[in-house]
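Following this line, the structures themselves.
Paired with subunit B in one complex and with subunit C in the other, subunit A is shared by the two complexes that follow.
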Partner chain A sequence: MALVDPDFAAELKAYGVDTALDCFNCGTCAAICPLNFEHFPRKMIRYVQVGAKQKILQQAQDLWRCLHCGLCTRTCPRQANPGELILGLRRYVLAQFRRA
Partner chain B sequence: MFNPTDIIDLLAANVRQTRNPFGVRPSRFNTWWRGLSGFTRRPGDALLFTGLMYQAIPYINATTRYLERLEGSSWAGCLRWGRLVPASLRGRGLSVLTSGADRKKFNGILQTICRLLRQSEVNFFYHPEMDFYSGILLYDLGDQDGFVRHARFVARTLQLHGVRKVITVDPHTTYALKELYPRYTGASFEVQPYFSLLQCRGSERGNGKPPVVLHDPCFYGRYLELSEGPRRVLRDLGLEYVEVRNCGEFTSCCGGPAESVSPALNREILGRRAAELKAAAAPVVTFCPICLANLLKAGLPVEDLASLVGRYLAPEEK
Partner chain C sequence: MAQKKKPALAPEPTPGGKVGVYVCHCGGNISDAVDVEQVCAQARRVPGVVVARDQMFMCSDPGQEMIIEDLKSGLVDRVVVASCSPSLHESTFRNALLRAGANPYVYEHANLREQVSWVHHGPEATAKATRLVAAAAAKAARLKPLEPIRVEVQPRALVIGGGVAGMKAALELAARGQAVVLVEKSPFLGGQVAQLQELAPEGETAAAVISELAGAVLGHPAVTVYTCAQVEGFEGYIGNFKLKVVRKPPLGATYADRLEKLSKSGQGLGEYVPFVGVMPATIPESPEDFDLEAGVVVLATGMRPYQPRPGEYAYKNFPEVVTLPEFIRLQAEAEGEGDTLMLHGRPIRGAALIHCVGSRQIPGIHAENEGGYLNEYCSRTCCAATLYAANLIRDRYPQTKIFDFYRDIRTYGRGQEELYTQAAASQVVFFRFEAGEEPQVLKNPDPQGPPLLVQVKDVLTFGEELEVPVDLVVLAVGQEPNNIAGLVQQMKIPIGADRFLQEVHPKLRPVEMSVAGILLAGTCQAPFDVGETCAAAGAAAVKAAAILARGFVELDPFVAEVDLSKCTGTGACVEACLADGALSLVDLEVAGQKVRRARVNPVMCLGCGACVAVCPENAINVQGWTLKQFESMVDLIVSDEYLEGA
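On to the complex of A and B.
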């Protein structure tokens, strides 16, 4: 069972993640991502939307698979900027790890 | 895959101590300009800012060779202790592992860029004490604090020297200076990649030569939308080029960004891009040192845009 934190998306704004709620989960980003890896980055964005903070922290290492190539951002129909969102999540996770 | 925080902490410590991610002293690292004829420090209109990326490739190659062996082994976790070794020792060790031929090759590309700019009568200068690593890897890996601290130092140094215009040679440094520095340091410079300043019109020395295939780096193709610049240079020279399906703003990544945290992932992505380029059956030309080093690793016949253009426009003096 995973606990959800409804304020997670708001907390992430301090790390530059402010478009997560614009995403409507169409999956274009996961389809075009060269990683072909477990619905990345859509899965991570969904976790942010539902406030699954623990899921993000458990799967944190996967965030660094992202190549920051920008294909997802270029093709996102909602301009939700998935690439920058992943970058913001890296900042958040790194800050949590360093704090710990 | 390595633990990203081990890698980030090591790179951040190196940048803090030596201003570059390898822990190598700048005097050892940035040597391409030594002995270059017609070299000018000042006066000049724009600073040639290499961002130390071409100089870094031999060090990246040496590091990746060792990371490839470590990844997935029981020794991988030892990386976290690397930051306890003084940066000067880390850097010295890495310097010993780099290949002299590699250093000569990548320094040679910068020398060619210098010759091309002179040939095009661009009013520029170079000063090694003003040329720094941009910090882009820290930004990409999520170490925002480390990046901002370093970027502020670089921006302040350039401002103190009255630098307003900057000529860049690679997409990562161009992106950092053009987009990230104004956002995170408040310092704005007029940034232009070297190829946008080259004057080749009328030379048409490439007529009749076999075509080349272009590999666009992600940062020029998508983030900066500057893919047209190198094409204009090739057209002006009369050189034919072939486009692969994934080009320009929809170019495929070479896998370079994964190199530091997972050489295996880097190989996987590189293999796919190499196959796309190979299908075009022509020598590959790119304009990013990271892409160049990666595609060379895949065994493709590849050269830098500057080397190709230099052969026609500004051949090396013997």
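On to the complex of A and C.
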């Protein structure tokens, strides 16, 4: 049972992640992603929306699977920019590791 | 009795009849299973038939023209069309007869599609078609020209319900020069819309909408408004409804809250007060009633918001759980200008909105409501209203966060999808739940946190269980029809499985009831928003005005007729009659002697034939369906004489 943290999205702004709440969870990004890996990158974006910080840190290595091909960003119907979001999350995760 | 005979439509055809038979292929629908040419060939051998023709589509212009030609040239004076079901095209062909200058009732219809080609195949199909056509032709030869029953119309409309639908219908009727009586049960005009503030999706205020409508209604000389009034007696028929209206003080404290709000507002009669409406007149001190005659009745009895059961989403368990209409009022009356919404002095930092409360309930999954029913329908308006409220809060109180829990979101109308887009842009966080796995509203175990905790198995987060601490839970309740069981029973009008009033045809006749002269407007029919309600009310008003403006109505003459040369006044028919007032015994003078004889009120008669069955003298018949006509049909069904090779 994860507690929803609505302030997390604001916290991520410092790392250049500010489009997560534009996403309406259609899954186009996950369908087109050449990694074809679970629900990547939608899953990460959803975790940002509900503020599931721990989930992101636990699954942080997945962020480095991304090839940054840009297909998700190009096909996103909401211009939520999933590719840039993944890069921003990498920055966030690195900052957390440094702090730890 | 307000009844007149119209001059004859056409000279009476020669007795015996020259029957024309017209058999339709229905583009293969009939001719794939039935040998249409053979049916025509056999029909020509039926006594009385002078011509039998076939056509690919008899309902097409060339098909109708063919019939009209034969009538005009004098070749035929009775018509049988053998085609689809009479409910589809009988009126088409009766109108063709009218255009040919013939009486529209010298027409008989044989159904070769639903009753033959769609259910039978092979030679039996053609054999059955042949017998049906022969029977129809035999009946047609005995048909007599009839006159439609003409009834004068009381030049007045009664509108029941003083909400948006009723006021709009009354105004549209008045604008067409018709007198209107508007009856409202409560002391107020404005209905449920007066309980709202801004209307999704465009955001017009309820105050503006109700003030404009009520002002126009109260200011129009053709509209008479009775509040605290109910219809308690109903009889009659289209053009001549007789109603009893009772005005009485409301029971107990039904409207105490609104009356108190009105007196505190300092506003007077006829002025709009938010969450009250417009009170046009004082409450009567004692019951009074009066009779009213009206040519048409418009039902605008409206809806009520679904009231959750105590405990449903913890409603009534915690004061922080409210319905959307309750929230709209709380928000409108909230004090303070800060960044955070304040309710009763309490900051609302997070609010959960839950969709589909009391709507889209599924048998076996959701508990039945008090009356043992489920609201299986979508109330349509709640998604837009909920998103509108979410956007309004995000816009005015940026520090109040919104969590939106939906099963599905349908923002179906113009300007509504934009509400969804705007909600996402306003950082509303959405959660999706499955039917049967509705969010749980609990007390927050963390004493430092907000009072409530919403738990949900979130589809969007891959079925993970999430918890959202919130200060407020808003239940987006649906629409239920108002309880008008009394009216439904008196008027004998149909209601659907969803308990809303049921129109004649959902697409082609959407504002008419099956009882002629009764129209329906607004949310007594289905969940509507204000714009849809006005569209429906306008349509109902124009339909009603058309009936009133014409001044008379014509009814099909398929009603009982007494043969006074045979009637001995046994009264058996009166006893058997199913329609009150359709048959009675009257005193007549026949050859200088006073006798009692049956008399038909053709306007009340249902044409059911119960009287025909019981008359010991065979002195009563239903016009267009006489016993002699039936005998001729049976004779031809059992006869083989006209068949080829017989």
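The rule is simple: the second predicted complex is superposed on the first by the 100 of 100 C-alpha atoms of A that agree within 3 Å, B and C clash if a C-alpha of one lies under 4 Å from a C-alpha of the other, contacts with A are read in each partner's own complex, and residues count from 1 in each chain.
Assume a residue touches a chain if its C-beta (ideal position, glycine included) is under 8 Å from a C-beta of that chain, and two chains touch if they have at least 3 such contacts.
As the structure is a computational prediction, the values presented were derived from the model and not from experiment.
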Superposition on subunit A - do subunit B and subunit C clash or fit: fit
Cα-centre angle that subunit B and subunit C span when viewed from subunit A, reported as a multiple of 10 degrees: 130
Partner chain in contact with A:Arg74 - subunit B first, subunit C second, else both or neither: first
Partner chain(s) touched by A:Glu84 [first = subunit B, second = subunit C, both, neither]: neither
Subunit B versus subunit C as contact partner of A:Met1, first or second or both or neither: second
Touching partner for A:Asp18 - first (subunit B), second (subunit C), both, neither: neither
Overlay on chain A, subunit C to subunit B nearest C-alpha distance, Å: 24
Footprint of subunit A on subunit B - complex, ascending: 1, 3-5, 8, 140-144, 218-219, 222-223, 249-250, 252-253, 255-258, 261-262, 265, 269, 272
Residues of subunit A that touch subunit B when the two form their complex: 15-16, 34-35, 61, 63-65, 67-71, 73-74, 87, 90-91, 93-94, 97-98
Subunit C residues within the subunit A interface of the complex: 350, 401, 403, 424-425, 427-432, 455, 458, 460-462, 464-469
Interfacial residue positions of subunit A with respect to subunit C in the complex: 1-4, 6, 9, 21-25, 39, 43, 46-47, 49-50, 52, 78
